[in-house]
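The same chain A turns up in both complexes below, where it pairs with chain B and then with chain C.
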Partner chain A sequence: MNYVIETHDLTKRFGTFEAVSKLNLHVAAEHVTGFLGRNGAGKSTTIKMLLGMTRPTSGSGTVLGCAITDTKENREMRRQVAYVGEDKQLYAYMTVDQLIRFTASFYPDWSDDVAQRLRRQYQLPGNRKVKALSKGMRTKLALLLALARRPALLILDEPSEGLDPVSIEELLQTLMGIAAEGTAVFFSSHQIAEVERIADRICILDHGKLAADLSLDELRRDYRRITLGFAMRPPEHVFEVPGVSRIATSGRQVVVLAHHNTDEIVARAHGLDAASVDVAPLTLRELFLETVKASNDVAL
Partner chain B sequence: MLLYKGWLESRTRFLLSAATIAGLSALFVFMNRDARAAVTDRDVTYVQYLWSAIYKGYLRDIFVVVVLLLGMGGLGREQAYGTAGFTLTLPVSRWRHIVTRAAIGLVESTVIALLPAALLPLLSPVVNETYSWSLALHFAVLWAFGGAFIFSIGFLASVLFIGEYSAPIAGVAFLFAYSIVTDLPGVERYVIDIHDFMKATGPHGLSTLATITASAITLIAVAGRITAKGDF
Partner chain C sequence: MTVVQLVTFKLNPQAGQPLYLQLMQQIRHAIDTGVLRAGDQLPGIRTLAEEIVVSHNTVAKAYSELEHDGVLELRHGSGAFIRAKSGSRLRSEKLRMGQERVRAIVETLRDQGLSEDEIRRIFETELLYPRQETARR
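Moving on to the complex of A and B:
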């Protein structure tokens, strides 16, 4: 598989706090990859390291084949990568047209056609100062500046943060549109519904570590929540088979999360005279919550 | 286009500073008869009065402050405003950002330094006085070099202290401490007093100009190195 982002044991420490810990990330080309995690999980720090804004404490990484710690390669990489930051702050003292002209001057592949089309579509007033734009309008302007340079990779950090539902919908439509044209999209979020809607792969980061990396197809096809009811409390270890990621017992009910061996677990449950057996696909929300919970349990 | 960005960022500060220096220069010329007694307690000539009011005293202090403020800004401030992410992801090296901002600031401080020099000879005939162009040019050179040094202090302070008020306060505090140190007995022989230099009462030969230039470049380079290595 062709990867647009690869990291090897990427680590960032701030004093004694390890924000990102030995991260091995592989983001495929021509995919929309959602980068999930709780607040403070290390998503923004990872993105900043990828873009050369923050230096890794150790480890290495490449974006579009360019080493992130090599200033020259990193600069070349930034010609082909567009980034929309979490707060979408742009130069408040410029007008929309001034900012478009300013940004265009740095990118040889800049498309005036795309810029003009998006300016009309987003109804951005060219002579209005950026500081007079709403957050939704600023997000649209940031997207225009990102897309008109025709990037090979679009990185977004919490793109829907602070937007109203209509603006979020427009944003998601835009992202799906550019992904369909072949641009790789890597976006961090803790809005699971949005990720589930547009991503085809997800990476879950927790406490700076990669807790899950899978495609949504894999999630739908393989991951199952198996809820078992018994007449009396059963021994948990019976269900400890390969592929089980979590077993939670509450009274006479056992919930098993598994990505392999579902049939084996069900067979063992029947062998213990289970009163009820319910197998259901796992949603991304459930996977995320279970992954984070499991990670916290290990941390504790 | 980075020059354009730098100009848009600093133009309000620059234009206000230039208007202040130009306006006060003109005021000192037009009010010379009334202000002469207030500025000096002796019976002085027109040229001595202008030196006391502009190059030695009030206007020089204001010039120092406005040039120090021209040094403020940069990626540290952009980080506080939230625009550093946009700036740093442009395909431009951090050194280019630094050099561009330094170049704009130095040009602006030089233009402000030239304003009294241009206005005094031009306006003096209006009040039936004369002020020589050569003397004005002499002080313009001293202010341009002194301004570059003070700008570089502000430039470094804005890298070390990213708070909106902490950087200018640190810059002023440093200049205050520097003034005290340079006035200490014995020290004045080894350290250039930038205030004496700008009012032409201290050494201001070529070697002094070279030392001040080297100091300004060093301070800007230190600020650049900190920025180039920093996390944003």
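Moving on to the complex of A and C:
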């Protein structure tokens, strides 16, 4: 597989606090990758390191093959990567049209067609000053500026934050369109339902470490929550087979989370005369909670 | 050539089945029920991906698997076409009969006091783990 982002033991320390800890991240080309994690998990710090906005304490990484700590390569990379951040800082005193023309002048691959199409679709008023735009419009404008550059990689930090449902739908459609044209999309989000719809793969960051990295097809196909009911308290260890990530017993019920050997677990439950066997797919929300809560040991 | 919007697809991201498989099934189902017929054109990968808001990889994988199965013909630059298939009438008949039988079973289970959710789980478990279930019987 081709990767647009690769990091090797990427680490960022602020004093004694390790925000990102030996992160080995691989983001595939021609894919849509969701970047999940709780507040403070290290997502924004990771993105800032990738873009060369902050220097890693140790470790290395490449974005589109360019080393993130090399100033010259970093400049080359920034030409091909578009970034829409949380704060969407734009020149507030310019009008929408002025800002579009101003930004266009920096990028040789700029597409006026894309810019005009999106300006109409997003109903952005060309002569309104950026500072007078609503939060949602500002996000759309930032996205327009990013997409009209026709980047090879689009990185977004919480793109749908502050948008109404219709705008979110438009945003997701736009992202799917640009991804279909070959742009790799890497986006952080807390909106798990959105991520679940549009992402090919997800990476979950927890306490600065990569806690999960898988395709959503794998999640749907392999990950199961098996709820077993017994007439008497069953022995947990029977279900300790490879592929099981968690076994929780409460009274006469056992919940097994597994991504492998589901058939074997169900067979063993029947062998113990289980009164009920319920196999259900694990949703991304459940996987996320399970992954980030495991360290705090909170039951699902 | 214009592509008529012949059928809408609705994927469930929370179902325990990859999205491309869901899309394949819905296309097959549309063919089996006659909603899609030989020669009909499906939207291009990008168009369909935008329309149902899923990754283009999902659509591309579904189309390419269906092409491999001989259900679709992909013509470079002009989209995907439903291929003529022998025995499709037989299949739609089988499907109709199957649906009637399942309906009868569901009604019986409902009469016995099982909830819709419970019935759904029975079906899902049976489809996912048929061997163990039958082995016990």
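To be clear about the criterion, the second predicted complex is superposed on the first by the 296 of 300 C-alpha atoms of A that agree within 3 Å, B and C clash if a C-alpha of one lies under 4 Å from a C-alpha of the other, contacts with A are read in each partner's own complex, and residues count from 1 in each chain.
Following the convention adopted for this analysis, contacts are C-beta pairs under 8 Å (C-beta built on N, C-alpha and C of every residue); 3 or more make two chains touch, one makes a residue touch a chain.
Given the structure is predicted, the values throughout are model-derived calculations rather than measurements.
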Overlay on chain A: chain C relative to chain B, clash or fit: fit
Contacts of A:Y107 with chain B and chain C, given as first, second, both or neither: first
First, second, both or neither for A:T71, with chain B first and chain C second: first
Contacts of A:R55 with chain B and chain C, given as first, second, both or neither: first
Partner chain(s) touched by A:M176 [first = chain B, second = chain C, both, neither]: second
First (chain B), second (chain C), both or neither touched by A:R79: first
Vertex chain A; arms to chain B and chain C (CA centroids, nearest 10 degrees): 150
Touched partner set for A:L90, first chain B, second chain C, both or neither: first
Gap in Å between nearest CA atoms once chain C and chain B share a frame through chain A: 26
In the complex, chain B residues that touch chain A: 1, 4-5, 8-9, 81-86, 88-93, 229, 231-232
Footprint of chain B on chain A - complex, ascending: 48, 51-55, 71, 75-76, 78-79, 81-83, 85, 87, 89-94, 98, 101-103, 105-107, 142
In the complex with chain A, residue positions of chain C that touch it: 13-20, 45-46, 49-51, 53-58, 121, 124-125, 128-129, 131-132, 136
Residues of chain A defined as touching chain C within the complex: 30-32, 169, 172-173, 176-177, 179-181, 193, 196-200, 216-217, 220-221, 223-224, 262-263, 266-267, 270, 277-284
